[in-house]
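Below you'll find the structure I mean.
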């Protein structure tokens, strides 16, 4: 068994921003030399998400509107008594999920035709990391 | 380390339908010959979910009503400007999660007494796939 | 490849209670002797969650209020026709997620500065289990 670890870093210009990272994950798989296994892609910060869905700007807009409806910013969250103002970012990232595992078959991410991996930032403008852990043979 | 890959296919008669797949996943584990490890079960289409919960028709009904409340169909989603009409299916699958990992101990899915694996289709009536990747020793 | 399986047990005094388990997971990794790999932490009961987020009591309070808003208790759920009264617990655990996978690098959970692992109980006061499956080299 082999393991390979890579870290992606993001400093998004906008506070909320979605970034496609499918190719970055495939690159880590290529570096690992692993042909059969799995790769974990996981946000290391707790106000960001990693998810798999469509690479279509309309849907990405819909996600953002929907997340604001289900987990609104600007409410009087108890978390804000610590001086933070980002409780909604913690909730939004929970709805989207903070990690995915992708199967690797014949050295390639074994994805369906429309599956794309995204990093979703809900409290950006500062350096954040995603860990990519490849495991297999 | 060994790896084994299987694909499950679904063409559900209804647009929205939940299908229990615990036995299909165990079958892939049996085929793999793996005794200790993990199995990833992941929807390859972005309007379907894979989740673990109760095999009880009342609760499955409750899930469907709840998902329609939190992620309604029929709204004026921006994604629909592409000609699609399934933005709600993308949101519903996000709430349910699109993948699970199950531990394998002594060749068997190491599940609690009520844990069952389900495929949840939100835009069916066409062929969809789920990847089952078994990894271990 | 090595695999190691541990089970955590919980009987929370309150029906709903969040418990930090990061150190319990690291202990299972230590026991395994695995330096490079992954560890799956998964609730074996379907009214409990396992998630990664902040160790801050205000935010934990916010999560509980938010979950009650999105998945209220006391509604006339169809699941309750079986005699159960915990349909909302099944929904709440779905929002939080029932499992996480953590990367192991140099024998340690490879977590970001604020990442903590939590067990979230939504129907406690009875014995529940979490499986911890470590896999790697």
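So that you can tell them apart, the chains are marked A, B and C in the order they are listed, and the count of residues begins at 1 in each.
Methods note: a residue touches a chain if its C-beta (ideal position, glycine included) is under 8 Å from a C-beta of that chain, and two chains touch if they have at least 3 such contacts.
Here the structure is a predicted model, which means the values were calculated and not measured.
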Type of subunit B:subunit C copy interface by residue overlap (half), same or different: different
Cα superposition of subunit A on its sequence copy subunit B - rotation in ° rounded to nearest 5: 120
Gap in Å, rounded to a whole number, between the CA centres of subunit C and subunit B: 20
Shared-contact residues (touching 2 or more other chains) in subunit A: 1, 38, 70, 95, 97, 101, 135
Touch list for subunit C against partner subunit B, complex: 1-3, 5, 38, 40, 42-46, 70-71, 77-82, 87, 90-91, 94-95, 97-99, 101, 129, 131, 133, 135
Subunit A residues within the subunit B interface of the complex: 1, 36-38, 51-54, 56-59, 61-63, 66, 70, 95-97, 100-103, 105, 110-115, 135-137
